[in-house]
Structure formats: C-alpha cells, structure tokens
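One chain, chain A, links the two complexes that follow: it is found with chain B in the first and with chain C in the second.
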Partner chain A sequence: MRLALAIGSFVILVVHGVVFYNQFFHDWERHQSAYFDQARGLAKTDAERAAITGRSPRIEQIIVTNFGETRVDRCTTCHVASDDPRFEKYAHPLKSHPFSTAMGDVQKNGRWERRHKFSDFGCTVCHDGQGRGLKPHYSHGEDHYWPDPMLGFVTQEPWRKEFLPKLKGKAYMEANCAQCHTESTFAGAAQVERGRKLFFTSNCYGCHRIEGLSDGTLGPDLTQAGKKFKVDYLWESIVDPRANLATSVMPQFKLSEGDVQALVIFLKSRKGINFAETGLQQYRARLQDATAVVQATIKPVAITPASMVQQGEKLLNDRACLACHKLGGKDGGIAPELSYEGLLRAEPWLFDHFKNPHSTVPDSIMPTFRFTDDEFRAMSAYLATLKAPPKLDTGAEIYQTLCQRCHGEKGDGQGMIAIYLDPYPRDLTKASFMNSKTEARLLDSIKNGVGGTSMPAWSKVLSDDQVKAVLSHVLTTFTKDKRRDLKPSKAPDTNPVMASAASTARGEATFVKRCAGCHGRKGDGKGPNALDILPRPRNLRNAWFVNSTSDRRLFESILYGVQGTAMPAWVDYGMTSNDVGDLVNFIRSMNQKPKGSQYARSN
Partner chain B sequence: MAVNLRRNSGRKSEEVDLPRRRFLGWLSSVGLFGSAVLSAMSNLVFIKPRATYGAPQRFSIGKPDEFPAGTRVAVETRRICVVREGNKVAAISTTCTHLGCIIGLSETGFACPCHGSRFDSDGNVTGGPAPRPLPWFKVTLAPNGELEVDKDTEIEPGSYLNV
Partner chain C sequence: MSTATKKAEPSLMDAVKEFPGNVWSSLFRNPLPENDAERSATSFTNFFLHIHPVKVHRNTLRATYTFGLGVISFFLFVILVVTGILLMFYYVPSTTQAYDRMLDLRGTVAFGTYLRNMHRWSAHGMVAVVFLHMCRVFFTGSYKRPREFNWVLGVGLLLLTLLMSFTGYLLPWDQLAFWAITVGAAIASYAPLIGNEIRFLLLGDVNVGQEALLRFYVLHVAVLPAVLTMMIAIHFWRIRKDGGLSRPPEADSKPQLSMAPGEVAVTVRAVEAPNLRHYGLQGVVRGPLTKVGNIPDNSVFSWPNLLRAELFAFVVTLAAILVLSILFDAPLEEPVNIMHPPNPAKAPWYFLGLQEMVSYSAFWGGVGVPGVFVVLLLLLPYVDRSTKGVGVWFSRERLLANTTFITFVFFNLVMIIIGTFLRGPNWAFVWPW
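This part shows the complex of A and B:
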C-alpha cells in the first residue's frame, strides 16, 4: 500500500515535472538566446551593442492588418534574425531572410533595403503556414488539419507519396504573389500566368467557373479553389480526376508535369479575394454583369458571313476544342474525331449540338459553352466543310482509322476515349451478343449509326462494300466464334397494343415492378443495380435512341433478352406480348419526338 | 490494515520494516508536495499572459534618414513623438500621464486636448492636471539599419541615441 502510494506520487511528480518543463522551457527561447549571444559577438559599434543589451527572450509577433483578415505572425520568435543581414550564412532558424532583386529589394550604399518589409507584410501573407504557432510542426503547417501549409516547402503526412517531390519548390509561392500582383504581365508570377493560359487552352473554362474568368457549369466552381484545397489535392484532381470522386466525368488531360504544376499554382492563387482591391472595388465587380466580366477573357467574335468558315476554323482552335477532340494533327484524346464531321453530321445537327450537346447526344459529357449563336453557326459551317472521305481499302484499315478510337485496338470497347462516352462503345469481342444479332442488324448499326449516341452513320463516309469489309474484319478478328444460323424471332413488326393512357399506366406499373431495378425509376438507365452491370442498362429516356428503334427491336430485346448483357428474356418470367406492348407504349410515352427531329438518323 | 498484518506476520521483527516505511512515506510526501508546488507555479504563471494581441511594443519606425535634423513628428498610431536634434534621436510618449488621452504637438512642446495638461519640449509638466512628465522610450538602431523603439523600456529623459 505504502509502496504503491510512494510510486504513484513519484510518477505524478515526474509527470508534473515534464509538463512544467514543456510549459516553461521552449525551443524559441533557446534560439533567441543563441541569437543574442551571436549578435553580441558580432556587434562592432556601441550602437549595435546597445541594441542587443537588455533584450531577453520573448514571443515576437507582427500584427498584419493590411492583407485580408488580421494576421498574427509569430514567426520571428524563432526566426529572430530574419531581418539581420549579418546572419546571412547561418543555419535555420537563425538565418536571415535572403534579399532578391526579383522581390523588389534594392541595394543602397552597400545596404540592402527590403521592398516587402516584414513589419508591414508579416510572413504568412507570402509563405502561408500557421502564423501563431510556436512549434515548427504547427507553425509550418505540418499538422494535416492545417489548411495552409507553407507553400512549396512543407508537405503534410497524409499526402500521396508520389506527389511529394513535385509539390516542393519556390514556384508555388507565386500563387501568393498573385494575391496582390494581379496584372498578367507581372514577371514575378510567371507560373500563375502560364496556368491561367492553360486554363483556357486546355479548355478547363468550358466546365469550371471562376468568377470573372469563366462561367462553365459542369464542374465545381473554382473561384475559391486556392482557399479550399491544398496543393496535393489540386495536383491529384488534375492528374487523377477519379481519385477522390469515382463518378467524376472530368477527363484526364494530356498535360506535362510543368503544365500541371502551373495549373496547380494558378488554382492555388484563386482565393476569391484580392488583397490589392478594396472591399468597395470587390463589391462593384460583383455588381457588374457576370457575362460582361467573362467576355473580357473569352471575347465574342463578330462573325462576317463571307468569311464564316475561316472564322469558324479559327474559333475551333482559339476556344480549345482540340483539347478534347481530334482534328488533323491535333488530338486531345478525350472526345470523338471531327475530321469527317461534314460527311457524318448535317449543319443544323452540329449547331444544335453546339448549342446544347445533350439535345442530340443526351448523355454527352461535352459542356455547354456560352458562345454566341453566330459563333456556333460559324463553327458548324466550318465543320460542315470537312467532307473529304478517307482513302481506305481493307477492313482492318477502316477499323484502325475510324473505329479504334472508341472500340479499342482489341475491339473490346476500351478505346482511348471509351470511358468518356455514355453509353460505352460496344464490346465487339463478346460473341454471345455479336452472334445473337443478324448481320443485317449489325450492318444497319454501322451504316445508320445508333441514335442519340456517339456512333455516327458511317454510310455517309463508307461505301456498302467498305461497311461489309469492316464488319467481316470485326467478326473474324474480334468476335472469332463461328456465327450460328439465327431463327427469325416471333416478335411483331409493330406494337399490337394501341397506345392509350390505360396501356401506358399498365406499362408503367410493369416497368416499376420489373425494370426499374436496372433501368431506374425514371428509366434513365441509372437504377440501383446499374453500376454493377456492363454494358450499362440502356437509358430509355434517350429520345433519339428510342425513336430510332423499331417496335420489333424493342419487342425482341424485352421478350427474348439481349444476349451478352444483363437483360433477361422476360418471356421466361411469364411476360406476354400484351405486357410488352404496354411497356413499349410506356417507354415511347417518355420520349416524345424532340424538336428538330428532321435530323433523325433516317435523314 | 489487513495487508500490513499479513505482511508483518511473515516477518521476524518490525524493526527491519521501519526505515523502509519511513523512506516510502518520505518519498510519497516529496512526490505529492512537489507536484502541488509545480502545479501551483504553473498556474500562477498564467496570470500574466506571455503574449497579447495588441500591436507589438517594440517596433521599427524607419531609417534615420527619414527623420532629418530638427524633426519633431508624432507617430499617432504608435503614440510616440520622434525627436531628432542633429545626430541624436529620441522617442517621447504622447500618451497623457493624466488620463491617457493622445497628446498633440504644440509650439511650446506638447498639449493635451482633454484637460489642458501642458508639457515642454522634453515632456516635463508645465501646467494642467498631469501628475508626471512624459516618459522617454529606448531607441536602438536595428541590424537592418532601421530605428527601433521599445515601449517596454523607459529611459532617463534627455538621453538620446547617436546615429
């Protein structure tokens, strides 16, 4: 008992001692004492000696009020010699802050003078970090809950290891230079300017909004990206968009490491505030018409009818369409090729697609650009002139030139741009599907395309012989399995059930019961099971597709299933022709003919 | 004390135990008393804050060149008056020693607008309710070549820094 008490009290004493020591003996005191000792030794004149006498270690702080919220920077508590030029060659933390002409420091009479005085600017305005911290771990922002680690110097523990070396370097601090030096010609923030240019040439502006720069609506607003996100998150989101959000549709752009860094620095500089502006100026800017502000960076072009085509071509290049699409030598590797667009698509279709990509390809990820109608007309006019068919002989050649980009080198539907297409390109190696369809049906898909998807009607580019050649190439090279003779199915050519409100209601009831699990309650192909299924369930609200599909095909697919997919033969589950007729009526009722249906595939 | 009884019964005499008991008792009391003293000290020290959020008391006022000979200029935000005579520089407080108003410069020295206290050019009281002369603060030349005023250190009136 006494022993336990004795040991216990001794342990408590030790713990108290440790707490006491930690509370009253600090690293910064040691640093300051060391500085005073060194400075006393270095002092040559009486004035220098006088300056150091009577000083004892204490918490030094700079209160910065001119740059946004008031900052309390205690960095000089440890970095006590930061403004003492005699300590130029010492080790941290007793090293003096370097002078640089790039920062605006000038040399007068052999003495450097700082342009950015620490007493006015503090430290965190440029460096970030936690100004109030008194221990390196906290003050440098190494603690991973701190939102602003020191830019370009400090990486936090949970950051992805492969990014760490790329996230270091003085260049990152340019993001903070740009908080005041907003002019694009400012030499000290060259990386920010490079990133700003990339934001437009890589077509980031099409999806993302940055107040005063761009007004995309598809992706997250990046006006305050620099305030919200750390550099590692920004880097990761650019090089690996799906790392944080598995369903992100952001493409993986082809960017060099230097470009990614410039973009990260540019985004880090977007904090939604600008130290150089007063609150009144910011308020005025906000009151301005947003489109007017955006048009300052994406200037609308006046289109003259005579040179429409040339202007359209120039627009296509200036507005960075080829950051995704392929045309001529340029290839963004994300969206379909445009080289034969004049043959494949009619000019009104192109205009509609520009105006609203979803009106013609309902599940397209192409953003809706806010260009003027005249500009869209000019771009459509230019694309419509691309009418030179490629010279192709063998099926293999045709496949490589026209099909491979989506359907893939191996024909497995995993082409370069496949993940950006919805629905995914068909897997041509899946014999169960390919051999369950008649050759006429496959030829039809190639010749006339698949409505409402990225599969165009190739009959406008290829002759009948060429289409047959490419199909036989696909069947022999990819599908491989011998084709069986297909018995004609017993599906009716037209829906025997008359369309009526009662039939639609019965169809809806069946749909909710039988189909919604995969096709979704809304019929948009996004039911709860959809993500587990490849190919994905068909979007039955894609009017272009549904309207271009015959009753016979719908009946076949529902009654006898689609081989090689998750769609079962519902005839096995007791569904009758009448039930299917109701379902077809219901599906058709969801897809009223869209406006401008004169551009449907039959044209 | 069942534990002690059992332990004692196992021993031959209690005399062997006594120094050990005394040592344990001494150890416990030192431990507890020491802890109490340390924690009391830790708590007492918190009465005075190590840092406050006000503007720092030691600050730079600029290079000596910015104050040509003969200057008498009030730095209102810092509440000091910088005086330069020839090569000598000093900083005089402009906070009234009466009730803490901000004192302005006058022809004869300083004058407080609140209750009419008057001071001569060295800060000595020449009239009004002010009880004490204005304090002078220590001015030093920092290594970066700027003048630094330390409002925490008052110096003898009339002592200047040679620059």
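This part shows the complex of A and C:
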C-alpha cells in the first residue's frame, strides 16, 4: 500500500513537472530572446541598444477593431522582428515582413514606411490564420479543425492531395484585399475581378445567389461562401461537384486551372458584408435589378443582323451553355442535345425558351439567364441553322444517337440526363404501358413530340420509315412482350359536355375529391402521394401538354386508366362520361389564358 | 512548563514562544494518534473527517469488494469542481465569444490547456465510473433493505451526472458541441405530447443558439452542481444511517478475534430502550437494543485504515487524470457553422446508445426504452425484496437478477459501441478499419 501510494504520488509529481515546464518555457520566449540578442548586436546607437536591453520576453498582441469582428492577433509574439527591416534576410520566425510598393509602402529618407501598419491592421486581416494561437500548430498548423488556414500558405491534413499544390500562392490573399478594395479596377485584386467576370460569363449566376450580384435559386446561396468554406472545398466543388454531394445537379464546367483559381479566390472573397460596405449599401444592392447587374459586368455583345448567326454561335460556346447541353463534340451531360435544334424547334420557340424556359417546358430546370433580347435572338438564329439531319440507317443506330441520352441504354428511361428532366423520360421496357397504346399513338409521340416536355417532334429529323424503324427497334429490344390486338375504346372524340362555369365547378369538385391525392390540389402533379409514384403523376397545369392532347386521349386516360402507371381506370369506380367531361372542362380551364398557363408569360 | 506559577500566569513572551505550537494545535487538533481513544478522537473532532464513522467494518475496506468506485466518482467530482471554477474565470457564455475563449485557453492562458483537458477527461471519467459504481452496487445486491432509498438517490445521481456532462458539452461552442446538442435535444423532443415543449424549455428557442448556450451554462455551473452536491451529501449521510456499506450477514457473526485462552471479552450490556416521554438522542436510534460498551466485532478504526484507502483512491484518480490530460488534448473543432452539419452528427458517447436506438425508432429509442430502463432501476429495490445474496459479488442466489442486469448493461454497451465506432455518413454501417 505504501509503495503504491509512493508511486502514485511520484507520477503526480512528474506530471506537474512536465506541466510547469511547458507553462514556463515557451518557444516564443526563445524566439524573442534570440531577437533581442541579435538586435543588440545590430544596434548602432546607444539609444537603440538601451531600448533593446529594456525589453524582456512577453506576449505581444494587436487588437484590431476597425475591420469586422474584433481580432486578437498575437502573431508578433513569435514574429517579433516583422517590422524591423534589418531582419530581412533572417529565417522565419525572425524574418521581417517584406516591404513592397505594390502594397503602398513608401521609402522616405532611406526608411520604408508601411501603408498597412501592423498596429492598425494586425496580421489575420490579410493572411487569415489563427491570431490567438501561440504555437505554430495552433496558429498556422495543419490541424483538421483549423477554421481559417493561412491563405495560400497552409494546406490542411484532410485536403485532397491532388489539389494541394494548386491551393498555394500569394494570389489567394487577394480575397482579403477585396474586403476593402471593392472597386473592380483595383489592380491588387485582379484575380477577384477575373473570378467575378467568370461568375457571370460561366453562367454561375443562373443557379447561385450572391446578395447584390445574382438571384439564382437552383444551387446553394454563395453570399457567405468565403466565410463558410475553405479553399479546398471551393476548388473541389467547382471541378468535381459530386465529390461533396452525390445528388448535386451542378455541371462540370471544363475550366482552365487559372479560371478555377480565379473563381475560388472570388468566392473566398464573398464573406457577406465586407469592410468597405455599410448595411445600407448592401440593402441598396439587393434592390438592384439582377439583369442590370449581370449586364454591367459582362458587356452585352452588340448584335449586327449580318453576323447574327456567328455571334450567336460564339455566345453559345463562350457562355458555358455546353456545360449542360450537348452540341457536336461537346457534352455537359445534363441537358438535351442541341445538334439538330433547327429541325426540332422553331425560332420563336427557341427565343421564348431562352427568355423564360418555363414558358415552353414548364418543369424545366434551365435557369433564366440574363442576356439581352438581341443576344437571345442571335442564339436562337444560330440554333435555327442547325438543320443537317444525321445519316442514320437502322433503328438501333437511330435509338443510340437520338433517344438513348434520355431514355437510356436499356430503354428503361434512365438515360444520362433523365434525372434532370421533368417529367421523366418514358420507361420503354414497361410492356403494360407500351402495349396498351396503339402503334399510331406511339408513332405520333415520336413524330410530333410531347408538348411541354423535353420530347421534341422528330418528324423533320427522321423520315416516316426511320420513325417506324426506331419504334420497332424499341418494341423488339426493350418492350419485348408480344403486342396484343387492342379493342377500340368507347371514348368520345370530343368532349360531349359543353364547357361552362357550372361544368367546370362540378369538375373541380370531382378533381379535389378524386384526383388531388396524386395530381395535387393545384393540379401540378405534386399531390401528397406523388413522391411514392413512378412515373410521376402528370402536371395538369402544363399548358403545352394539355392543349396538345386531344379530348379523346384525356377521356381514355381517365376512364380506362393508364396501364403501367398508378392511374386507375375510373370507370371501375363509378365515374361516368359526364363526370369525365366535367373534369376535362376543368383541366382545360386551368390551361387557358391566351395560349398557355401562368408560366407562359412571354406568349 | 511544568511549574505551577507559569501555568497560572503565562507571560507575553511565553505566548509568543508558544504561538506556532498553539496555532498548529488549533489547526491540527490531534497529534498523530497512538491509542484507540486518540484514533477515535481524530475522526470525531475533525470537521472534514467526522463524515467518517470512527470505526469501519473490515469488509468495507476490501479493495476487491468496492474497487473504490464510489469515492473515485466523488474525487472526480471534486476535480471537476476545482478545474471548473478555474475555467469559469475565463469563460463567457456568448455565441460570439465562447469559441475565442476556448482558443485563448488553448493558446495563452496559463495552464489553460491542462485545465480544459482535466475537466474534459474527468467529466467523461465520472460518467463511466458512476455507471460502474452502479453495476458494483447491483452485483453485490447492496440496494436491498435498508439501502433501498440510497439506491434511488444513486440512480438520481447517475442521471444528474449525465445531465452535467451533457450541459457542459455545449459550452466550447464548436461544431462537435453544437451538433451533439442538436442531436441530444432532438432525442428529447421524441417524448410524446410534451417532447417539443421540453426541447423548447431546454433550448429557449427552436434551434441551438445564444439562449441555449446561456441556459446550458447556468444549468452547468450553478443549478446542477448545487443539486448534485446536495444529493451527494444525502447519499453519504444515508450510508452512515444504513449502517455503513453492505456486507454479507456472516461477516457480522464471525468476529475474527485472537483472544488468549481464558481471556474475557469486554462486558457488554444490552439495555432496552425505555419508552419514555422524554428521551435523549439514544431514544431515536433504531432497533430495540442500544449497545453500550465495546463489543468485539470485525471493525477497524477509520484512522488510518479508511483514510489511507481513500488517499490511495484519490492519488490514483488524480494521477490517471493528469496523465490523460498530458497525453490527450480535449477536442476543439471548427467554430459553429449552422449551414454545415457534419455527417454523421453524433451525440456525446454516453448518449450514442440512445441515438443508435433512435435510428430504429424515434419514440422507443429516444424515450420509451431509456424511460423504461430508468423506471425499472428506480423500482428495483422495491420489487426485489429478497434479502439473500447481499454483500457478495455475483451471488448464486441472485443468478436471475444478475443475468437480467448484465443483459441490459450488455445491450446498452453494444448500442453505444455500434453508435460510436460502427456508424458512418448517413448513419450507415461501416467498419472502423
């Protein structure tokens, strides 16, 4: 017992010894003592020597209150010679901070004078890093949990190895210069300005919001990106959006390394309100018209009628359209192919789609980009010239070239861009659906497309024979099941119930009772059950779709259901032709207004 | 100083001369004891020692019987109070300052790192040791009559310890703290009917924020320690009132005496307590008989036996915490970022069993099962009324009870281990290697 007690006490004593040693013999004291020794040797006058001799090691700190939140920078405790020009050639931490005219430092009577005095600015305002730390590990170490690693100097433990060399360099500090120097002409923050331009020319603004700059809603708000994210995260998110979020819909912009770096620096400079701004200024910026902000940064191209097509082509290539769309050899893998757009869509349709994508494809995820009308016209004009049909022979070839991108290699509707489309592409392997429709109806969908969706009318690209060939390819390869003879349905060709306010009201009552569960109370296909259903319930406010669909087809779908989907045959639930007629009147009434729905603003 | 005159009239010089000795004897009233009377007096006349009985049973001192878990918990609590008070001098419960204060503690404050480390590891240690203490009490059947209520107090102390640790978890205001408390508070909200109200009461808001930080701080430094101290005092007091630590019945009946042949043991009188209107303190002593005189039994004097054992426990505890504090730094992650939850966000380890169960069923995992556990623990001494198997580890007579308890403990440990080591992003199962 006594021995154990003695051992225990000894351990306590030893640990206390270690703790006290660590507490009273700091690295920074050694650095300061070394500095005093050296400085005493370098001193030229007695006064200088006396000043040095009077100093003893202590924690130095600069408290900065002028720039954002209060900062406590204790960096000069180790970097004690940072303002002493005699230590220019010494090794860190006794090296003096370089003077540079670019930073505004001036030489007077052979003595340098700093523009950014350390006593006013501290260190972390420019460098980032942990001003409160007194050990290298805690002030600029590679600690994983390190909130602000020193910009451009420190890379951290878990960062992806292949990015590390790219994340170093003084340029990254420009992000902090831009906190005060907000003017776009400021030479010291050239990378920030370059990134800002890229943010607009690469169409980042279409999806991302940055307060005062852009109002996109598809992607995350980047107003405070620089505060929240470290440079490695920003870099990774740009070059490999799915690395952090497997469900990200952000395209991979094939940017040069310099461009990525400029964007990262620009985003790093987005820290919400910066030192140069007041809350009022930021509020004013928020009120600005988004289009005006974009066009102030990117000078709109002056379109001349003569070279309209060329200018349109250039715009399409320069402004990252092909980060999503496919055209020729370039493919962003997110949006439909544009190679035969001249045959698929008319020029006015293209213009409307550019102006407001929802006006033509109501559930499109394409953002509204802020080009001028002239630019949109030029781009439409260019797309309208793409009229060379592909040379395709067999049905398989046609399918692979034109259909596979959406409908998938296996015909199951899981093509590479399927997840970005709404409604999803049809699953062609579902025999119950495919075989419940007449061949004429299927051919019609291919030839004339499906209104209000991404399925275009292929009749100008493909001859009737080719359409038949691709359909037979689909039916034999994917659907497989043998087609049965279909009995002609008893559905009327036109709605026998006259459209009237009373009929619409009856239809609405039935709709709310019977249909709203899946199609939603608004009829937009987003009812409470919709999430569990594939294919998703039809959006009945898609005016382009509803208006291009015949009464007969609506009657068939409601009365006899849609096989292979969750839509039941309502005739089995006691619905009469008159009920359906009321429903059809109600559905059509939702999609009136000149030529479309609430989406079709430009029509 | 033997002459009578000096004794009668001490001069000023004598007072000065005797001053150190007098002060010493005021502070340390008894010299190192040499006989039983002095040993008794040492415990009896000292404020700090008189919490001990003058004599304790030999069984109480058997290291393998208690493993000192109770006193170790108490010593950890003492370490926590001392380091906690020192940390309070530097801490500000504000969302804008708390994290900076942590950085200051780590970087600049003298002994700051060690204070924080000691506080952190003692807190984790206390949760573990209190739990082990409960296991010891169960496996030795020590919760039985007359110690039922002390067991109930003990369960209360376990819950308070968990709450103390949980409220302290938020204070560094880093990502670890924020998301652990977010998860913990979410678990509380699964209580039926009043779950969301409990959560709101705890957080003072719908999210973890400034209000929650202030509430947790006040709970952590004022309310809970006060309640805990009070309950510890009652817990200790009840040990005395319940006749010391539990021991097997035969330990009392077989005094290990080494008497010379023919020697007569001390005469013992057993006096029937008279049923009087007026009675002295003896009258409230339990039992029909009051023992007067010195009966031979299996007890030894607290000084020095019990004190030495306690000192040993303290030295071991302190040494362990100090070594841990020097080897491992208390974690400090990035400052709170509400937009960037870690995946997975995990509660403190002692609640990870709950979180694991919550991942199967929110209500049953977060409220139902733990609620049933706590109620069962509280009811235990009133359900298990058998008096057999007290004072022996894993008594054969308590096979059913011990097996059931081990099953529960094992179940909880497995849940905690799964939750801690085997859960990765999106709470998916991962192997840690």
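We adopt the following convention: the second predicted complex is superposed on the first by the 322 of 603 C-alpha atoms of A that agree within 3 Å, B and C clash if a C-alpha of one lies under 4 Å from a C-alpha of the other, contacts with A are read in each partner's own complex, and residues count from 1 in each chain.
Basically, a contact is a pair of C-beta atoms (placed from the backbone, for glycine too) under 8 Å apart; a residue touches a chain by one contact, two chains touch by 3 or more.
None of these values were measured; they are calculated from a predicted model.
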| item | value |
| --- | --- |
| Which of chain B and chain C A:Pro85 touches, first, second, both or neither | first |
| Touched partner set for A:Lys228, first chain B, second chain C, both or neither | second |
| First (chain B), second (chain C), both or neither touched by A:Tyr138 | second |
| First (chain B), second (chain C), both or neither touched by A:Pro147 | second |
| Partner chain in contact with A:Ala501 - chain B first, chain C second, else both or neither | neither |
| Contacts of A:Ala440 with chain B and chain C, given as first, second, both or neither | neither |
| Chain B versus chain C, judged by how many residues of chain A each one touches | B |
| First (chain B), second (chain C), both or neither touched by A:Arg74 | both |
| Partner chain in contact with A:Ile63 - chain B first, chain C second, else both or neither | first |
| Contacts of A:Ile12 with chain B and chain C, given as first, second, both or neither | both |
| Residues of chain A that lie at the interface with chain B and also at the interface with chain C | 1, 5, 8-9, 11-12, 15-16, 19, 23, 59, 72, 74 |
| Residues of chain A touching chain B in the complex | 1-3, 5-6, 8-13, 15-17, 19-20, 23-24, 39, 47-48, 50-51, 54, 58-63, 72, 74, 81, 83-86, 111, 113-114, 117, 119 |
| For the chain C and chain A complex, residues of the former touching the latter | 96, 100, 103-104, 106-108, 110-111, 114, 174-175, 308, 311-312, 315-316, 318-319, 322-323, 325-326, 331-335, 337, 339-340 |
| Contacting residues of chain B [partner chain A, same complex] | 1, 3-4, 21, 24-25, 27-32, 34-35, 38-39, 41-42, 45, 50-51, 53-56, 59-60, 138, 140-145, 148, 153, 161-163 |
| Of all residues in chain A, those that touch chain C in their complex | 1, 4-5, 8-9, 11-12, 15-16, 18-19, 23, 59, 69, 72, 74, 130, 132-135, 138-139, 145-147, 228 |
